[in-house]
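Structure first, then comments.
Chain lettering (A, B, C and D) follows the sequence in which the chains are written, and residue indices restart at 1 in each chain.
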Amino acid sequence: MKLQQILNEIYQELNPDFGQGKVANYIPALANINPNKFGMAVHSISGEKAFVGDVNENFSIQSISKVFTLALAMMECHEKVWERVGREPSGNRFNSLVQLENENGIPRNPLINAGAHVVTDLLSSKYENPKYEILQFIRKLAEKEEIFFDNDVAKSERETGNRNLAMGYFMKSFGNIHNQVRVVLDTYFHQCAIAMSCTDLAKAFLFLANDGIIPYSGEQIIEKLDSDRINALMLTCGMYDSVGDFAYRVGLPSKSGVGGGIVSIVPGELAICVWSPGLSENGNSYVGTKALELFVRKTGKGIF
Amino acid sequence: MKLQQILNEIYQELNPDFGQGKVANYIPALANINPNKFGMAVHSISGEKAFVGDVNENFSIQSISKVFTLALAMMECHEKVWERVGREPSGNRFNSLVQLENENGIPRNPLINAGAHVVTDLLSSKYENPKYEILQFIRKLAEKEEIFFDNDVAKSERETGNRNLAMGYFMKSFGNIHNQVRVVLDTYFHQCAIAMSCTDLAKAFLFLANDGIIPYSGEQIIEKLDSDRINALMLTCGMYDSVGDFAYRVGLPSKSGVGGGIVSIVPGELAICVWSPGLSENGNSYVGTKALELFVRKTGKGIF
Amino acid sequence: MKLQQILNEIYQELNPDFGQGKVANYIPALANINPNKFGMAVHSISGEKAFVGDVNENFSIQSISKVFTLALAMMECHEKVWERVGREPSGNRFNSLVQLENENGIPRNPLINAGAHVVTDLLSSKYENPKYEILQFIRKLAEKEEIFFDNDVAKSERETGNRNLAMGYFMKSFGNIHNQVRVVLDTYFHQCAIAMSCTDLAKAFLFLANDGIIPYSGEQIIEKLDSDRINALMLTCGMYDSVGDFAYRVGLPSKSGVGGGIVSIVPGELAICVWSPGLSENGNSYVGTKALELFVRKTGKGIF
Amino acid sequence: MKLQQILNEIYQELNPDFGQGKVANYIPALANINPNKFGMAVHSISGEKAFVGDVNENFSIQSISKVFTLALAMMECHEKVWERVGREPSGNRFNSLVQLENENGIPRNPLINAGAHVVTDLLSSKYENPKYEILQFIRKLAEKEEIFFDNDVAKSERETGNRNLAMGYFMKSFGNIHNQVRVVLDTYFHQCAIAMSCTDLAKAFLFLANDGIIPYSGEQIIEKLDSDRINALMLTCGMYDSVGDFAYRVGLPSKSGVGGGIVSIVPGELAICVWSPGLSENGNSYVGTKALELFVRKTGKGIF
């Protein structure tokens, strides 16, 4: 069966579920999203594409940005990344400070908030203008210049970002943030506030399905080994505190964001992005998770 | 390159490392093992086999037994397993009681000690003689009648098993152990004390590489979906508190034991067992982990 | 104003509150107590006595027994007690295992369950028959032979005591219980199940108001310094996880039990026992705490 | 024996210990203090005074300031204080964030850092210029205009205060800091940086030995009941994570600071301040604690 046909089926089957889950409401820019939105886009490394629903509508990528900054940091800093952040699942909420205290300011992995702060701090030490470099990196991956920060979202993030500030200052007290906390967090809030569509994201993540190479341009972004490793990290750490359940149900390296997006990789084959704003209690898109579960059942493309 | 040739190369390359790591010493039966032992066995679902080193020598399978009992429990109890145990990585040591307290006696997953107690308790409610049934199940998977409990090890486990007893009584205080704690733990200590060789284990795990079907006999042990799920659980929860690092380095669903064994699955292809008694600080075989890392690099058979 | 008159006033003022709080219901023997019971007894070192309410009715002393065993252990083992148990408030529930794990099996203080287990273990190493010795010690302090274990309560405690067993085995895994866990816990469950009345308890505690000397007999039970220290421990650790609030409201060294009893000391003057079975959320007698608060307000006998 | 004679004896006996302990070194202004300094001052409510050593030399009062701000907040906000902060010992390090997370941003008590932030936030909502009001309050208590902030210390505190900022933002994320975190912390860092001598502090604390009344002026600062309560809080929460040990050894309501000062109250009689910069591992003055222990042994003035 063709990918497009499978996506059509998923759309039909999930139609009754559209709007389920709870839209993130900690900032108005997220709270006001129409909960019935649903989009799913697939790009294969051989050039096959399939789309269904609101695939060209921009949404806030939020934590999905953590994979982009990690790839950039691995490109720039290689093994040094792991002197500053671990690579174990946290077994705790994504914004917990408890483990930071018990583990001397070293975050458990780069895909939870504290770990992403450290990654952004690494980039802040490398680049004059880290915000711009992150954006340019994503534009290159997605082959699209018209990707921007949503400044309203970034501003709201900063205004409600006290817990992120707490983490930043806490890690700084352990010496694990080298730049000014407010400056690092400003970059972090902006990377979370990047607006992209399902098609943009599926395309931008294709290098992780293709051993680190952008299939369109042939450019090697990161080593194959590092590409495998990022996929491993997504599988073990990418879905907040439900990585185990998600691996059990879906079984693909994935990263979700509170904007309702989830990106998944079928190594050697394709990248998927699904978007539906309603979240489960665990913070992952409710309908999005169901869509990916159906996709794996219908295609047999799970990695297990 | 043939699997046998790859195993030969690994053996050569790791030769200087043999004996590294720290042999588990909490019971004499483990402490007295020759640390220089090394064996690696591969069985493919198509019948290809490759062996190097001490592959026919029995060792204590310890926590590797948790996968057997989980498969048995999923076969017997299906979704009811998940009413009593979670499926998330713990982010804590394998024998921690902290999360049990915070999460009302529901262990994080079935591959840490507390979770394995619950699984054994489930089997204790199903079977008249759970010890015997577990042993028979493993004999069937390995196609070998001559697999036994090492009663000395079982006795030592019980004598040093105060922390396991603590967990058992703690969960019982939350109502999550239904049978007598001492009886459940006796079964648990025995399943840990089963003695098997690398060849036995590689063969016995082949059903997880083959959609739940024993390739020799064609018998469907568990559903394909459940087979995928056990692989997912091994990947996210199978390597104590270093699942993330192990996924990063090796990238195969795996389960290790303090006896120095590690079993890994290449879904759709093969099962591997490596044994080397010296452990890293994280409790996994030091040389064994290196061997699996080399195997994946040389064969490109990682799942990411 | 005379003590008797003050007790009469307290009885009048609290009359509308009798029956409030929630009677401990984890064992039938406690659950079936009439919640309207109330007694308050005061013994001074100069021989003055005052009583109101159900002061001669026996109730289960429960955790109040921890002070008796601590005094006995300090008498027998002196400073060695503190090699096995700390003397800091726990900041946690009385039956938490979290701190035990973080602090290597050394309980925070001898007035929480885990600490009392260690104290009973110390006595178990000293005495052939620790149960009998504990009972004899209390009989001497109360000058009364007719004090007994309530064997029904002891049996119920054992049957519902899985969490206590968990603690015991957990500490044993750290080497901090030297005798058999089941034997130590049997003594512990019995000491909790001693039945005494308000008058018995007020009399038995008088040595702590009198520099370690039983005023009736003149016998020096413990050094003055140790008597001061037990009072200090009661003040900082005696009221479960509400020691701060209790010190704030009442300001007397005190120990409560889930049977609804509270014993308080006015150093140099008197001992008080109040009993009312209904407990606050923090596990201390609701009306009993109010009675002591009134007593201190009316007499000005707080230590602050 | 006269108080002066007792202080002379203590000075002689402790002379060999002067310089022991470890001077706080997280800011230069504290690290450069001569570790051999020792002063001890006693003021009684009847006007008796006794002094020995460096009693007129200013040192940084640090956490001792938390008692002043608490008294001021109880004066201004009465019971509302307890809607925002608890009154239980923490059972954790003074600067832990773990409990804040588990208890939704409500600090355990007003004498640990997080609790003091909340108290300062309360005063920041009451006063136009809280820094000035706090200083004036202390000047009134000590009857001395020449008490000042040490601005170098305040500046250093701010520069090394990342962990305090982390706490502040963390509590703000729970809604338990109402003013701007940086502004509240600026006041907090200044109150810690107030420089006073042993004589100043002994005099300033006398109201807590005198039912809330400044004995010199007769002014009622706080109700007697609140004075008792602050003493209770000092006893259960005033000595970082060694309140139990300190109560056991000394048995007086006390508050220490990392500058090496400790203030103690003998209710109804006197206030004591001892200063010696070297700290024990628990953060309290090593020689200072010994001096207070000797004082209580020699005078029998412990509250137990």
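Here is the rule we use: a contact is a pair of C-beta atoms (placed from the backbone, for glycine too) under 8 Å apart; a residue touches a chain by one contact, two chains touch by 3 or more.
Nothing here was measured: the structure is a model prediction, and the numbers come from that model.
Counted as hops between touching chains, the shortest connection from subunit A to subunit C is 2.
Across the assembly, the mean Cα position most removed from that of subunit D is the one of B.
Averaged Cα coordinates give subunit A a centre that lies 32 Å from the centre of subunit B.
Subunit D has its Cα centroid 55 Å from the Cα centroid of subunit B.
Inter-chain centre distance (subunit B to subunit C, centres taken as mean C-alpha positions): 47 Å. Residue positions of subunit B in touch with at least two other chains are not found. Every pair of chains meeting the touch criterion is listed here: A-B, A-D, B-C, C-D. Residues 96-98, 100-102, 162-163, 165-170, 172-173, 181 of subunit A touch subunit D in their complex. If you check the complex, the residues on subunit A that touch subunit B are 86-92, 99, 108-109, 227-229, 231-233, 235-237, 241-245, 247-248, 251, 253, 267, 302-304.
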